[in-house]
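Shared between the two complexes below is chain A, which has chain B as its partner in the first and chain C in the second.
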Partner chain A sequence: MIKLQEVTKTFHKQQVLHDITFQIKGGSIYGLLGSNGAGKTTLLKIIVGILKQEQGSVQIEGQQVFENIDVKKQMIFIPDSLYFFPHYTIEQMAKFYQNIYPSWNQERFVELREVFGLNIKKKVSQFSKGMRRQVAFWLALSAMPAILVLDEPFDGLDPVVRRKVKNLLIQDVADRKMTVIISSHNLREVEDICDYVGILHEGSILLEKDLDELKADIHKVQIAFRNHVPAALKNELSILHEEKRGSVRLWIVRGAETEVSKKIESYQPIVYDLLPLTLEEIFVYEMGGAGYNVENILV
Partner chain B sequence: MFDLDLRSRKPIYEQLVDKFKELIMKEVLQADEKLPSVRTLARQMTINPNTIQKAYRELESQGYIYSLKGKGSFVQASSEKVSQEELLKVQEKLKAAISEALYLGMKRVDIELLLDEIVEMTGGGIRDDKASGSNEDFS
Partner chain C sequence: MWKTSSFKKEVTKQNFRSVGWIGIIYLIGLLFAMPLRIMMELSSDRPFQFFHENGLFQINFEIQQVMIIIIPVLLGVFLFRYLQVKETSDFVHSLPLKRTELYHNNVWNGVVILVTPIIINAALMAILYISFDLSYVYTWEDIWYWLGGTLSVTLLLFFAAIFVGMVTGLTAVHGVLTYIMLLFPAGITVLLYFAMNQFLYGFSENYYMDQNLEQLSPLVDTLNLYHASFPASRMYIYLAIGAVLYGLALKIYQHRNMEMAGQAIVYGVLRPIFKYGLTLCMMLVGGLYFHNHDTSWMLFGYMAGAVLGYAIAEMVLQKTWRVFDAWKGFIGYAAAAGLVFLLLQFDLTGFEQRVPAAANIERVFIEDGSHSYQSNHPYNESGYLNKSENIQAVTKLHKQVVSSGSDEYQTGRRNLFLAYEMKSGETMVREYMIPEQDYQAYLEPIYESLEYKALKYPVMNVDPQNIDLIRFYTDSARPDELVVGEPDEIETLMSRLKQDLQAETYEDMIPSLGDRGDISFMLESGMEIYIPMKRSYDQLNEWLKQKGLYEEAVLTDEDVSKAVIVHQNEPGGPIFNEFKSAAASNEHVWTVKDNKKIKLLLNSKEYQGQGGYFVGIYPKGGEPMIYRISEDLVARVVN
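== the complex of A and B ==
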């Protein structure tokens, strides 16, 4: 269990994070989403204890993280820009990790060699960007961390490797309840593996929910009536967004599917269609509601 | 085992529930057959194990499967699993189809004839395991 309470962080007098409070359950794959500059990386660096928050607390299994070796040795952070020692080969990097992490599993390292198929005698700096990222995953997974924190992890990986990496992550989540935190602005990338998502906007958590519940609570409705759209219906529903397409209206409605359907059907629409939203659409509409001007970006 | 559409709008957990229901209703998965473990399925399909866990819980609460502690999940025998909810859904679908047929000019007689035909074909919905014969390969 990772627990953040009222965490704030300021850089150069500018407050980057405001009162962040949330929890991440053990064995969960948590997607941290947000616009550019929302504070995702800062938040991740605070969770793993690279940065220190000004106020509030970050606790993992009830212990403070910052400068706490006991907690940090069970945790691996793969940052957005990777760092390897210059002139080190994969084998030498592995030795280094082995010294740092007591949970290092040499057997796993050897097993994963088959999966990634990279030459361990070669210097990491000689590999391409995507291959270096694979090396980072290889080392991280061999260290068997209890918590794996990933900042934009799939950038630069080709689809085959991406699938391989996701599969490896899922194996560790299923087999030994590893907790994974993934930050991303590529929503499609996280939609299929996360079970919980949090949306960070301008340094605050805008929304935080089980992904399936989130999807079950918001719908896209296409609707048409013989005459006018009944005003009473619009009052009954919580409509986040409305668009006119000829005589058909497109609504984004919040609420449980059965209730929304019941209300709408009582007004006997001639066309009625209810669709779930993709995570990308949820993100756009929620952010739109929070004053993030989405239309300007989409033009 | 089967494929899910990870790009679909439908939540993965709902797709899983529907897929398993279909397999159970078509008796591809038979009564008391063990479902794959959460770990195996997660691995095979690259799906979050928590999502699979949730789908299994949902199937259990709808009466399609039962679980034994430490042994896994198993398919519930058929007579107990037809839930009221499922019946209501089918009724809704029928209503919609019949209204459409009437709108397009089908007569009541035609529909009744069709109904007779269907009853004839399926043996009136009475389940007869010996006569079906479709599961011989597995026994």
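== the complex of A and C ==
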């Protein structure tokens, strides 16, 4: 479990992060969302122990991260702008990782060669941007980290590779309870793999949600009644949003699915559909209520 | 201090892959500079005629010096470049390596890269020494000295570079700041001395400049390696400073904020130090640039330098040249600097007016320069005056100098250097340029005192029995010099000379135009001391005449073929050239052949005239002796 408490960080007398408190459950995939400049990268660098917070604490399994080798051994950070030693081949980089990370799994490295299909004798600098990112994933996954921290990881990857990488991540999370933190400015990019989502805005955590709960909890309902909409039903349901399309109403309703259905059906609507919501829609409705315009926060 | 196991093989490998070339260049450079050079000399027929006196630094020192100054700093910069680049810094610091571990790993990799070429080179020099029996070229000690000197300077510079690397976040600034730091103590001291000399009447720039300033900068100190004047103790000191920097750098590294990569100065505390330090330096440089001009130019220099320094510092810190809005800090600086200027200008510290009370003075050193002050030479013709009447006379002179103030445009000035040792143990040093003729009344009692003469003429303190030989070096053209070697003759000569010296007046101390050469006293100890030969030594000259030696010892009118007086309207350039060019023209040239007039010239003391007159006295069969003379003397000789 990763636990952040009242983490504060200042650059050049400007507070970049204030009072960040949240937890990430072991074996989950956490999406850290926010627009550019929200402080995502800084927060990630604090979590992996590159930067030191001025106040507050970052603990992984109860241990401080900063300058703590035992914790850092089990953690790999893939930054937004990748770095490989100049003139190193994939093989040489792998050797380096093998020497540095005790959990390195050479078999896995060989195995993943099939997946990525890159020439290990070639210098990393000669690969394209997307390929270099694949190399980074390859090396990281071969080191078998307990925690993988990814800063905007899917930039520059084509959809096929993106799928491939996501599958690998999900597989590791399922097989060996790896914890993954992914930062992104794009909700759609991560909604399919994240279990939890946190939104960072101007240095503070604005909102934190369990996606399964969230999805189970909010529903889009299309409904039409023979006459008028029964006022009693509207009182019974917690409706976040309402639109009219002729005689059909479109409601965004909060509540357990079965309960919502039961209540609605008891008023015998002539049309009734319960539709799934995209994550983005959920956020739009959730945060719209909180007074934020999601488009400004998530680009 | 650290576990060997914590050395990560791959980190080391990476270091050697990325910076190993520096060690290879160093090795190749050293091999070409030293062993190959020796072998080249061995294979040629030329005899070795160098470096056996001052050691191995004499061999291609320029190459050695360039490498010793550049290589360690270059290595330090490259080795810790990962700190200055954001991507690298993030990558390296995300690895499960403690900063301490990384630091030791890198530093010791660097030490190996630096030290290996040095040791290989020393070993090769030793092998050459044994194989070719080069004991006539250098010695074992020379090899050790070279090894110690090179190692200590190299390591100090390397650790200095590492230390600076921890403080800065830009590679370019890292390199430049390292050299600035290595030069700073010496540079700022020199600049401050220059400035004090401009503002404080009586400040002895020469004395302070001679205080082994090169020790303040390891870069300049490398010259001492060449001269073999770099003591072993300093090697230990350098290594000790290196060790301190090593520890300090680690402490700083542990607290470094990695997000500051890309910033010129990583620690907020150091930013103002950098900013105002640079402003101060540039201000002093500006003042120095205009130091030969009048006060308004000098002040302009100081102000322009300060503005420039402040602007450069801001540009480096903000990483843009558009820093026009950052003037607030400069106002504060200017106010502080102005205050210091006022302090100096109006002598608010009392420096210029301070003349110690004679009662507080233990002894005083008076000379025409600081060069012989604190010199240990036994016969250096200077020393301390202890007698109270002399101390009083010196303070009287000093008070007169202080109250007269400085007049740069006065002619006939000479240096006056004073060093008081107070009863309290303090020392007070002053230096002035004084027009001597104005101070005759004050100088006379000092110069005529026996105590002063005993210092000025060390031969007065010598027992004649300890003198082996007395020589008169009076005419370089005549090899048959006059030598006195009989003990009883020496005794007589010495007693007469002492009488002359004791009786010598202030006037007589100034040599005449015809005086030339020295009397040399060869002591039993092998030491040779000299006094100038003068025609005013009556007792001595009387004795010489009795012995029939006077003609040989003293230049008389008989020895002179002619004297040529010329007038040069626009004096400038060396006196010899001026005379020659004026004598070549036909105007204003007078040739004097009359013996009486030549005698008058020879006995005259009126030289250093400013009227543009020169005299060339031509000894028979010799080169002319040329002096400036006064118009007055010319009037007496010509006509």
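We adopt the following convention: the second predicted complex is superposed on the first by the 217 of 299 C-alpha atoms of A that agree within 3 Å, B and C clash if a C-alpha of one lies under 4 Å from a C-alpha of the other, contacts with A are read in each partner's own complex, and residues count from 1 in each chain.
Everything below uses one rule, namely that a residue touches a chain if its C-beta (ideal position, glycine included) is under 8 Å from a C-beta of that chain, and two chains touch if they have at least 3 such contacts.
All of these numbers come straight from a predicted model, not from anything done at the bench.
Peer 1: Mind checking chain B and chain C on superposed chain A, clash or fit?
Peer 2: fit
Peer 1: Can A:48 be said to touch chain B (first), chain C (second), both, or neither?
Peer 2: Touch partner of A:48: chain C, not chain B.
Peer 1: Return first, second, both or neither, reflecting whether A:215 touches chain B, chain C, both chains, or no partner chain.
Peer 2: A:215 contacts chain B only, not chain C.
Peer 1: By the touch definition at the top of the document, which applies to A:27: first (chain B), second (chain C), both, or neither?
Peer 2: Once the two structures are laid over each other on A, A:27 reaches chain B alone.
Peer 1: Is A:114 in contact with chain B, with chain C, with both, or with neither (first, second, both, neither)?
Peer 2: It touches nothing on chain B or chain C.
Peer 1: For the superposed arrangement, tell me the lowest C-alpha distance between chain B and chain C in Å.
Peer 2: The answer for the closest chain B-chain C C-alpha pair is 27 Å.
Peer 1: Taking the stated contact definition, name every residue in chain A that is touched by chain B in one complex and by chain C in the other, in rising order.
Peer 2: No residue sits in both footprints.
Peer 1: Over in the complex, which chain A residues touch chain B? Could you list them?
Peer 2: Its residues touching chain B are 27-29, 163, 166-167, 170-171, 173-175, 188, 191-195, 211-212, 215-216, 275-278.
Peer 1: With touch defined as at the start, can you tell me which chain A residues reach chain C in the complex?
Peer 2: Touching chain C from chain A are residues 11, 42, 45, 48-52, 67, 69, 72-73, 75-77, 79, 81-83, 85-87, 95-96, 98-101.
Peer 1: Provide the residue numbers of chain C that touch chain A in the complex, in ascending order.
Peer 2: 8-11, 13-14, 17-18, 86-91, 93-99, 254, 257-259
Peer 1: Name, in rising order, each residue of chain B that touches chain A in their complex.
Peer 2: Per the touch definition, chain B meets chain A at residues 6-7, 9-14, 38-39, 42-43, 46-51, 54.
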